[in-house]
Amino acid sequence: MAKTKYEHIQLEAYEANMQLPKSGLVLFTFGNVSAADRALSVFAIKPSGVPYDELTPGKMVIVDFDAKVVEGNLRPSSDTKTHAVLYKQWANIGGIAHTHSTYATSWAQAQRDIPIFGTTHADHNTVDIPCAPPMNDEMIQGDYEYETGYQIINCFKEKALSYEEVEMILVGNHAPFTWGKTAAKAVYNSAVLENIAQMAWLTESINCNAPRLKEALIKKHFERKHGSGSYYGQELI
Amino acid sequence: MAKTKYEHIQLEAYEANMQLPKSGLVLFTFGNVSAADRALSVFAIKPSGVPYDELTPGKMVIVDFDAKVVEGNLRPSSDTKTHAVLYKQWANIGGIAHTHSTYATSWAQAQRDIPIFGTTHADHNTVDIPCAPPMNDEMIQGDYEYETGYQIINCFKEKALSYEEVEMILVGNHAPFTWGKTAAKAVYNSAVLENIAQMAWLTESINCNAPRLKEALIKKHFERKHGSGSYYGQELI
Amino acid sequence: MAKTKYEHIQLEAYEANMQLPKSGLVLFTFGNVSAADRALSVFAIKPSGVPYDELTPGKMVIVDFDAKVVEGNLRPSSDTKTHAVLYKQWANIGGIAHTHSTYATSWAQAQRDIPIFGTTHADHNTVDIPCAPPMNDEMIQGDYEYETGYQIINCFKEKALSYEEVEMILVGNHAPFTWGKTAAKAVYNSAVLENIAQMAWLTESINCNAPRLKEALIKKHFERKHGSGSYYGQELI
Amino acid sequence: MAKTKYEHIQLEAYEANMQLPKSGLVLFTFGNVSAADRALSVFAIKPSGVPYDELTPGKMVIVDFDAKVVEGNLRPSSDTKTHAVLYKQWANIGGIAHTHSTYATSWAQAQRDIPIFGTTHADHNTVDIPCAPPMNDEMIQGDYEYETGYQIINCFKEKALSYEEVEMILVGNHAPFTWGKTAAKAVYNSAVLENIAQMAWLTESINCNAPRLKEALIKKHFERKHGSGSYYGQELI
């Protein structure tokens, strides 16, 4: 196949998609990841319904931020419009992941925010993981995946959350979406969310009156990883 | 071994059976899959009690829709009569799978339908997964596996369900049966059911008042995968 | 190493022990299996505290039914006396397995019999899996592992159970013991018990009023695997 | 790289760190292990945020018991000060492990000691696994990781526990720390703790009135592994 100007995001999307089954985050094809090129205003996304072991970088479909296919012979993921809306509205994200991972999806089905119970959560977020309410019937019967994107954005607006600080959400009755600077970071966030979701469920099961993490600890843990004086990880990384 | 006219369904049944341990759906030999040839009115099924790593396509037993062995030296699965009844009554299925997978079996033991809580479920079914009640004592003491087939069919009649739309059931106190156009699809449905069963249990554990999925979402998700205007997967698949 | 008259049971015990980590039934060295030669009145058992990946058939210790070491340089499992008592009292068992497998051990810690909820259980047993009560202090302070054997035997006597029909027990506050005609069968029973234990826990979690399996089904399922007119498995197996 | 006098603890720390992902105790980089040389008053510890599959013995950072880096180009684990405090205060430990393992962390988030329910627990400890309360705000805003070390030590003082007998603790809202004579033993203790934590959760779920293990059994099991007349394992091990 001739080299194209989209190969870098096809490769990025391919590699990030392949992390989903490796990390135990998907059954069959119940998930998808995209990688954007901000300069070109397009993203590469998994083709719909294609098994992971049949994926290749070249099969990633190139789509613009209005969800129009730019290049590729395969139909893109059925969730493509949701990705497009998020890329269009949120200027600083470079990758999006969607899974039906077991524990996060169960919280979405339970229609509850995931309470912040510990430092594992606080290392990544300072708030309860938001669960967007199910859409109203009009939105569902309309342009469903497009509206799913707006449901996510509206939830962040209502809760006054920053998409650069909180890189994950549950869509009520549906499943999680996560994002980040890169597709790899979006998948990383899916794995972190699944872990947080499992431990929050267990925490309530062990102590039905488990208190939320105290504010000082929330602040401390997030800052040691993300604040201006952060001291987690290596400078060069 | 000489080539026979049943080799294609033996191979189909063999490959589908081998997916069960790979997918974590069986312990030891607690499961079986069959593949039918509608033109020949027979199906190939796993021999009873033979470990999966000793299976070969040629060991699959050929049985007709009255459960009579047509070809093969081994005794067919003890659940063979249940398969035969379903093939005989339901003209459009080509494969059947039976497992004792952990979560689905636990719902069967709990004698509860699995509530439809999310879109993972709605992508495959528009209803709660039915749980057929345990048989009465007369049926159990009679031709048990034959009656199990009728228990399944009667449950679908009573609930006015279509076996072409709902390809899975729990048999109360026992375990799940799933089916489809092919043996591979039947096994796929077993894996989906197990996933749905686990998440429904978790959902109720996280929120004991979790509401069923709203009708508009049920309809939307099923139609995007299965309706006339479906847009999931590839045209050519 | 010179060939000895115990090699066959050393090999049998070795292979059965190696199944424990493969089946996910042990963490580190928290388990042991033995294999008996009834004619010689001895059994081969895992050496104490030796990691599974350092085991060899030759390291299996030969012990008589009074728990005296007959051959071997290593100290036998700390549970050896329990094995010896069972072999001495129950003439028809050829193998014993002891694990701290997660779900079965949790039922033992909860000090509850495992209710018979479904056909997976009934395929192997017609009764609730018994949980022997914790020993009295005198027995504990006395010859503890020896008394553990008697605690098991007394529990079977009190409940009027046959060790040939029910090949598994929970020792309250401790963990399961299983047995069978061979060491391999004992390990098989450990895996079955773990599966039954997990599903019984889930069943109660899904329906706190889940009813026990009805008598007709208990009888039917056990007989189809074990009765005189059994039709599970192959004649020749 | 030239041979240094720290290579032995770098290797020890490296090998112990690599056991964490193998044992399923960490997601990504959420854990760290250190190994001390008591004669040199230093320890080798995992560099911060470096993925396990990029680790090498030479990347282990050498730190003294005041948490000052002695050798190494990489920034040490963000939990380094906690390790340093424990080495300084507790003269007889040679290794420390910190993970966010699922079940132990959930108990920490639930802010509960793990009750001693069975002999698996008693084989390692005679007490409930302590959960140190969350720090007060002053401590959190101060030298946080240093104070975490003191929080652990103070909890042991208040509960009159010996760090040589109880080699594990939960830090409330955070996660477990374990230790031992060697780094390998510290990791072993992390795996044991995770197992105990999972089974204690299941035990309460199966029987909400499950009693603690009786004193005679606690004493018996601990002594058979650790007492002067211990008879678990081999003399030479």
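Quick notes on this structure:
The letters A, B, C and D name the chains in turn, as written, and every chain counts its residues from 1.
Operating definition for what follows: a contact is a pair of C-beta atoms (placed from the backbone, for glycine too) under 8 Å apart; a residue touches a chain by one contact, two chains touch by 3 or more.
Worth saying up front: this structure is predicted, and the values here are computed from it rather than measured.
Touch-path distance (fewest steps) from subunit B to subunit D is 2. When chain centres are set by their Cα atoms, the one at the greatest distance from subunit B is D. Taking shared numbers over all numbers used, the subunit C to subunit D interface scores under half, which places it in the different class.
Subunit C is reached from subunit B by a rotation of 90°, derived from superposing Cα atoms (nearest 5). Inter-chain centre distance (subunit A to subunit B, centres taken as mean C-alpha positions): 33 Å. Separating the CA-averaged centres of subunit A and subunit C is a span of 46 Å. Shown for subunit B are the residues that touch two or more other chains, namely 205. Against subunit C, in their complex, subunit B makes its touches with residues 27-28, 30, 47-50, 74-75, 78, 100, 102-103, 105-112, 134-135, 137, 140-141, 144, 173-175, 201, 204-205.
For subunit D in complex with subunit C, the touching residues are 117-120, 123, 188, 191-192, 195, 198-200, 202-203, 205-207, 210-211, 213-214, 216-217, 220, 224, 231-235, 237.
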